[in-house]
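Note that the chains take the letters A, B, C, D and E in the order they are written out, and that residue 1 is the start of every chain.
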Amino acid sequence: MDARFPWFILLAPLAAAAIIQLITRRSRSLSATLSVASVCFSLLASLFVFFGPDGTSEVPWLDFRPAFYVPMGVTIDGLSKLMLLVVTGIGALVHIYSLVYMEEDESQPRFFGNLSLFMFSMLGIVLANNFAMMFIFWELVGLSSYLLIGHWFTREAAAAAANKAFLTNRIGDFGFMLGILMVWTATGTVVFSEMEARLPTLSLTAGFLTMAVLLIFCGAVGKSAQVPLHVWLPDAMEGPTPVSALIHAATMVAAGVYMLARVSFLVELSATAQTVIAWIGILTAVLAALMATQQDDIKRVLAYSTLSQLGYMIMAIGVSAPGAAMFHLFTHAFFKALLFLGAGAIIHALHHEQDIWKMGGLSGKMKWTFLSFTAGTLALIGCPFFSGFFSKDVILLAAYHRSFFLFALGLFTALLTAFYMTRLFVVVFFGRSRSDEAEHGHDGPPAMTIPLQILAVFSVIAGYGFIANTALGAELTHQVHAIHEAGRATLVMTLATFAFVVGTAGGWLLYKGQAKDPVLIPLFRNKFYFDELYEALIAGTQDLLATISRFLDQWLIDGLLVRGLSGAAWATGFALRFLQFGNLQGYAFLFGLGVVTMIYFIVFR
Amino acid sequence: MIPPLSLEIAVLLLGIGMLLVESFSKSDDKRGLAVTAITILTALVGFSFFTSGNATIDPAKAFYSADPTALFFKRIALITTVFVLVMALEYGSVLTKFIPGVTPGAGLGEFYSLPVFTCAGLMFMASAVDFLLIFVSLELVTISFYVLVAYMRRQSASLEAGVKYLIQGALSTGFLVYGITWIFGLTGETNLSAISQVLHTREIATVPLLFGIMLVLVGLGFKVAAAPFQLWVPDVYQGAPTPITAFLSVGSKAAGFVVLIRVLKPFVAVPGVGEKVIFVLAVMAGLTLIYGNLTALPQDNFKRLLAYSSIAHAGYLLVAVASVNKTDESIGSAGVAVAFYLAGYLLMTLLSFMVLIAVAKHSRGDDILHFNGLAKRSPFLAFAMLTAMLSLAGIPFTAGFIGKFLVFAAAVQAGKFVLVGIGIITVAAGFYYYLRVVAAIYWQAPNDDTPIVVQPITRCAVGVLAFAIFFFGIFPQPILNSLHNVPGPVVRSAQR
Amino acid sequence: MTLTLNHYLLVSGLLFAIGFAGVMLRRNIIIIFMCLELMLNAANLSLVAFSRFNLTLQPNLGPNPLPNYNGQVLVFFIITVAAAEVAVGLAIIVALFRARQSTHVEDINSLKF
Amino acid sequence: MLNLIVFIPLLAAIAILLGAPARKTALGAAVAGFVLSLLAFLSYDKAQGGFQFLSSHSIAPEWKLNYAVGADGLSLLMLLLTGIVTLAAIWVTPKIEKRENLFYACVLFIAAGAAGAFASVDLFFFYAFHELALIPTFLLIGIWGSGERHTAAWKITIYLGLGSFVLLIGLLDLYLAIPEASRTFSLIELQRLAAEGIIPAAAQSRPYFLLLIGFGTLISLFPFHSWAPTAYASAPTPAAMLHAGVLKKFGLYGLIRIALPLLPEGAKVWTDVLLVLLVGNIIYIGLVTIAQKKLDLLLGYSSVMHMGYIFLGIAAFNVVGVSGAALLMFAHGLSIAALFAMAGMLREKNPTLSLNGFGGVARSMPWLAFAFGLAAFASIGLPGFANFASELAVFFGAFRPAAGLSEANFQLATVFALWGVVISAVYMLRAYRAIFMGEPGKDTTSWIDPVKMMRWPVTLLLALLLIAGFAPRVFLAYVQPSVQALLPK
Amino acid sequence: MSPFLFYLFATMTLIFGVAVVANRNPVASALSLVVSFLGLAALFVGLDAYFIAVIQVLVYAGAIMVLFLFIIMLLDLKAEERRKLNLVTFAGGSLVTLAFIAQLWQVLRKFELGQTAFPPLSERTVDDVQNVGKTLFGTHNLPFQVIGVLILVATIGVVVLSKRELK
């Protein structure tokens, strides 16, 4: 296979996006077909590549060698192969699912165009062989995420959410770019492989490394919605549900984890940074889980759960277990996409009702959905023998090896996860139907249920060795095994199972048959007041500064300096005009005064 | 080759001839007189290129020099007079309203012939290298201007201007004469070359010498409208008949500057005196720039605005004069800068006055608002005015820009950065008040829609001036050639 | 006490100052004009004095020392010019008087600012 | 060829003034100019490099003053920009109600001035041509402008007049700092002399300062920027496009072309000051932009803000930074021209352009929403557009500036510049959201997209942005050797 | 010239000069001016400039002053009625004048050559008129011609400005 072959994976969605935007914008079916076809092509090509050899192919993009060089390069190795499969696989399923979900949307072509754009961008991140290129696609996924969140742009909430997502990500990217610049200053390259080769030969100070790694981590904090930049992800649920499934659950938000795994050679160099990363991760996990316990919107619960799971993965990176992180990323992609698509099916069936308290009793009416959702839930809450159980277990084990506190919090999060997912599950599927829509719920057409079923299967089996090992590839598998071999595996597994049982039981007992939430914790319900805090912060800093600056510009620079100076000139002129008062005698006097003064200054000084 | 003095003689003969014809002809129509004068003067401009130098005379005994500078300024005088006469033709109908006369053309003959005599005076000034001739020719010019300024004696503004000019002019003459006295007394010479020799060979008491120089500077500063002796300018310019205002502002100023440069030449080289003279010139330049430009800002009367602008340009010229330096290269040399600036100034000032006359005649007023909507009433005049204003403001591709370019080059070369700084501010002020006219012409709607018609000869002159502004703004070389087409030193009078 | 050049120069300067003061202080134009004549005459006095004392300023005198006649010629010119100036000036002042019935400077300030 | 590029618009303008059909002649001239500049761009022999298409006519032999044109990669890029933006500007011009001839003549004069400045290889004409645009701008804003047009026209004219005069003094100072024997106006000669270090280091500081202020005013360097936003807001669309898109680049071009090679030591003296000022451009103006409530002012301020990045690249004094800056000039020219063009289209619907007066326009004008989105994202530096590629180069160039410059200061400035990227996203997205997203208002629903004919110019601009964004090397291949030649060895 | 005569005539010149300024009546001013000029003419004689002295008396004290008096009479100018004295003008004018005199004093103090006595003159000084004439018509011919033009211009000017009705 030619090393240039992976380019096709990347370019097919771009071609689709471009054609849809420029040519087939008017035709709904053609656009949809094109988009789906492109993603299917990418999936097939990815499969082909997956079983092919590793390799790299690059073309120069910015070329100031020797000073500065940015190629566009695709790299195929274990990591990117895994990600390729996840992205194209879930992407394909979501595309197919969207055919139904977005059927009645008036701007369906735009939706598919943007979806293809997203596929292109995401695949770009996956394939990138250098930091600059990754940053490029990093920004582009931000763009496509913005476009897709804002798909229903006439809704104020959607528009606001889109802006919030983009801006929050930009803040993260600010740090990311700085990090890239720092690393580049030290190594003189942005290409990962060269960087990895050169880093050991340089003697960099610990401070520098910590700084650089943390700045790069900023990018991940933004994209993977870690505390404190997590606020955009729940709001992003304003986008169409397939988007939430694909972008805001399975793929894009995991890009941060992927990126950190990609540069783990760099992360490893700074223990301090690692600690920070791990703690940010676990903090996100715990906080998000707490918030999730009190949400009423089905998608928001899932969104917080995503946050929480991403926290796990980040923590895994922080405890030097990128393999574990990638493992969890892999399994999580399936079950979270499944959960979102399932939620989407419910929402679709209930005519865009998202409040779980207006659902209920759907287990019988939406059989396929119920079954697959169950599989997903079990995988997420770490039910033994489901995929999530294995991957989460590895992370907890890795955390245990590093720090007991991390482990304890991780365990607590697992418990909470079980709790809130059970809450969701029970409230949605059991009990009485609490609204008319819920009464008439029904399964979607096959294009909707089949992706659910496929994902359900994977949610169950993705954790098992024969799949996981293949998918993760030799190196990552080796890492995972290494964690297991480090000991205490049984203890951790037992504790995890215990957490699962306690959480599930708690949720079941508390919410069984409830018509409204028996627990009210304002702090959790209001998401720890992060939004309010930020709003105040933005109003207090940025907007205030902007107003002040505008005031300064208007009154100081334009007013005092520009208008003031020109006004002063005018006024001087106006004043001088009074010398010209028309009286001859006065002129003679001024003349004489001039003479005497000038003589004084010239002759006598 | 024509002997140089014959130019002046021809002009004088022309003037006397005009007076004779005026006295003895029966015709009431004096237009022919002016047209003849215009033709002959134009021809003389041509002849001026074929004059021979006066290399044989001992410069220490000469009154009269026919060096290239002199010739250049003679041409300026001739050309100015030509255009002033064209303006006078256009202005004739206005003028006769304010002269008591029995016949329709009464007083016009003299009005056409006096500028010719003034022109002769200006030409003498251009050549004068002796205080005696300087004084006499200067007075010839001044006295004829007294008459011309007060010419419209039924209009009290004209008379008022005449009186103001008379008194202040006489005052300045008094200072000039007193200053000449001191210089003569100290050196025993009136000839500038001789003075220069004396200054080089003998010790002269510095304080009295400076005193004398200062007094002379007062007199000459008055003529070129340099602050603080500029107060007469706006009143006189506003009151005088417009062609005469133009003549004053171009001819008188040009001749004043050539005299100033010639007079200063012997002194700037004297240690202990030169620096102070340069300093006082710089101070005057700065004051003039500030006064002329800033005072023009709130001005609503266009004629008065041009008066302030005339002061302003005197300021730029003084900057060049104050930047006298050793370099002989063209760019950065003060002499070339002054000469070129004056040539450009001639074109743009005459053009703006010419348009002013045409517009004022039809709009019955010479405020800026009378120019409102000129672009609709007469696109040709509007464009001409635009050209003039651009050149006055110093926009590239106009002669005015090259002038400013050279002036500031000289100033930078001489390291006069304070002056340059003032210049920058005043140039910006200039943008404002010149473009106010452009704004009136192009932005505003006309107050009345009647188209403006001008005489063919005026139209032709306007066209020539506008073309010349652009032509010399792009191809300065002809003027440079004209500055040194005669063998001998370039305009180096300002240099040692 | 012998007379020196400075005596003459002082007289001349005082005369000049008196004339100048008159220009600045008097409000009748004709008198102002007369004061201007005074100033010119002050210059004349200096010129003649310098012309006469010329000899002392040039150490290498010839066998037949003469006053510097250039100065006297200049005086002659100044007087002539002054005459012409007075003629024209008075003509203007008369015309002005006819127009405004006044020769007072404060009455002729319609042109200003 | 270059003579044609300069003189076609000039002659067309004169023809229009003399009564030729205005729009047709103007459009014809613009097309011809664009085609010619494209031809010149494509036929430039990159292998040979240096200045090509030279032609020279002596103007004043005594001063060694020539009308001389010629182009290297950098000037060709700028000429191409001029050609495109001119074409687009004239194309998008809506029907002019009053004095159409004067309008088009003014626009063409601006175009000719810009083309002349970029094509000149003579210092005098380089300066003079730029000034050609001053008065047409004054007339365009004053007669056909909107809002407080008179104030704006006065401000821009006086301010730019002042700035260009400072510039003139700077150029004179520079010229006179060269030893008398080798003084020349020829940029090519000067470049050669620069290599010999003709100006002593001690004499470089003052001219550089003057040039910085002079050019800086033309570029709207903080704090000399306040003419720009109001002028752009009030100017008729083509004037704003040409001014913000092309003319402003003159100053930057001048800094690269003149100050960079001739005054490297002077530049070092003022680098720290420049850094402070450009951070002022980026952060301070960025914040001011956030506070704007009208689209035209917002775009005006944003164009001021983006100048900071270009300055950063130039200040870095290395190939990466300066080439990036040069490409950014091109990119910014295209994107801001496109934005102003579309702001003009919106102005036809809502004359005040107040952000509150829109909402949900994307529904009624999907094409405009799409195109505006592209231009907006280009301007805030999203990958895929030329702006990003060049900004990237600028950042990398500035993070490791040329030897002898303070790395720490540059890195700090880069941090601010990066934060500026966030700021620009804030205001652009706010504006985009206010205009195109949200609940459609009563008026907005009846609006319709511009007709196909009018979409082409914007499409052209955006297409070029994308091409240059995907393949910046195509353009850098022109710029980089030129910059390399200009930088001191 | 004996110092006594010098002081006499100098005082006369100056006092009547002051009288020109100080007199309220224009006629008195004009007559004072005549006397002042006569004093000046006497000083000229003392300086051996006989020709100039004669011209001074004839042209200045004679012709010009007669013209002045004639005009004053013609216009029937009364003594300036006591308008309120403009204190500012008066104070300012006086100050400037005093400052000028002070400066002059300083200049003269610094002018050492001016402190020498009368130099001897050759006998040919008695040919004063001849010498002046030679200079005037010989070397100074050109300015003299220009003066002629000047007078012509002045004549025309006076005619144009004064004639009641131009033809």
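Following the convention adopted for this analysis, a residue touches a chain if its C-beta (ideal position, glycine included) is under 8 Å from a C-beta of that chain, and two chains touch if they have at least 3 such contacts.
Here the structure is a predicted model, which is why all the values come from computation and not from measurement.
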{"item": "Shared chain contacts [chain C and chain E, defined touch]", "value": "A, B"}
{"item": "Identity of the chain that, by mean CA position, is farthest from chain E", "value": "A"}
{"item": "Top-ranked pair of chains - ranking by C-beta pairs in contact", "value": "C-E"}
{"item": "Chain closest to the middle, measuring from C-alpha centroids that were averaged per chain", "value": "D"}
{"item": "Most widely separated chain from chain C, with each centre as the mean of CA atoms", "value": "A"}
{"item": "Intercentroid distance (Cα basis), chain C paired with chain A, Å", "value": "95"}
{"item": "Chain centre separation in whole Å, for chain D relative to chain C (CA means)", "value": "64"}
{"item": "Intercentroid distance (Cα basis), chain E paired with chain B, Å", "value": "31"}
{"item": "Averaged-CA centre spacing for the pair chain D and chain A, given as whole angstrom", "value": "36"}
{"item": "In chain A, residues with contacts to at least two other chains", "value": "566, 577, 580, 582, 584-585, 588-589, 592-593, 595, 599, 603-604"}
{"item": "Residues within chain B bordering two or more other chains", "value": "132, 135-136, 139, 143, 146-147, 150, 153, 163-164, 167, 171, 207, 211, 234-235, 425, 432"}
{"item": "Per-residue overlap in chain E, given as positions that touch at least 2 other chains", "value": "89, 92-93, 96-97, 100, 103, 106-107, 111, 113-114, 140, 143, 147, 150, 153-154, 157, 161"}
{"item": "Pairs of chains in contact (touch as defined earlier), listed by label", "value": "A-B, A-C, A-D, A-E, B-C, B-D, B-E, C-E"}
{"item": "Residues on chain C engaged by chain B in the complex (per definition of touch)", "value": "16, 19-20, 23, 29, 32-33, 36, 39-40, 42-43, 46-47, 49-50, 53-54, 57-58, 68, 70-71, 73-74, 77-78, 81, 84-85, 88-89, 92-93, 95-96, 98-100, 108-112"}
{"item": "Complex contacts: residues of chain C adjacent to chain A", "value": "20, 23-27, 29, 32, 105-106, 108-113"}
{"item": "Chain A - residues contacting chain D, complex", "value": "21, 60-64, 67-68, 70, 132, 135-137, 139-140, 143, 150, 153-154, 156, 158-160, 162-163, 166-167, 170-171, 173-174, 177-178, 181, 184-185, 542-543, 545-550, 552-553, 557-558, 561-562, 566"}
{"item": "Residue ranges of chain E in contact with chain B within the complex", "value": "103, 106-107, 110-114, 139-140, 142-143, 146-147, 149-150, 152-154, 156-157, 159-161, 164-167"}
{"item": "For the chain B and chain E complex, residues of the former touching the latter", "value": "12, 16, 19, 61, 63-64, 99-103, 106-107, 110, 113-114, 117-118, 120-121, 124, 130, 132-133, 135-137, 139-140, 143-144, 146-147, 150-151, 153, 205, 207-208, 211"}
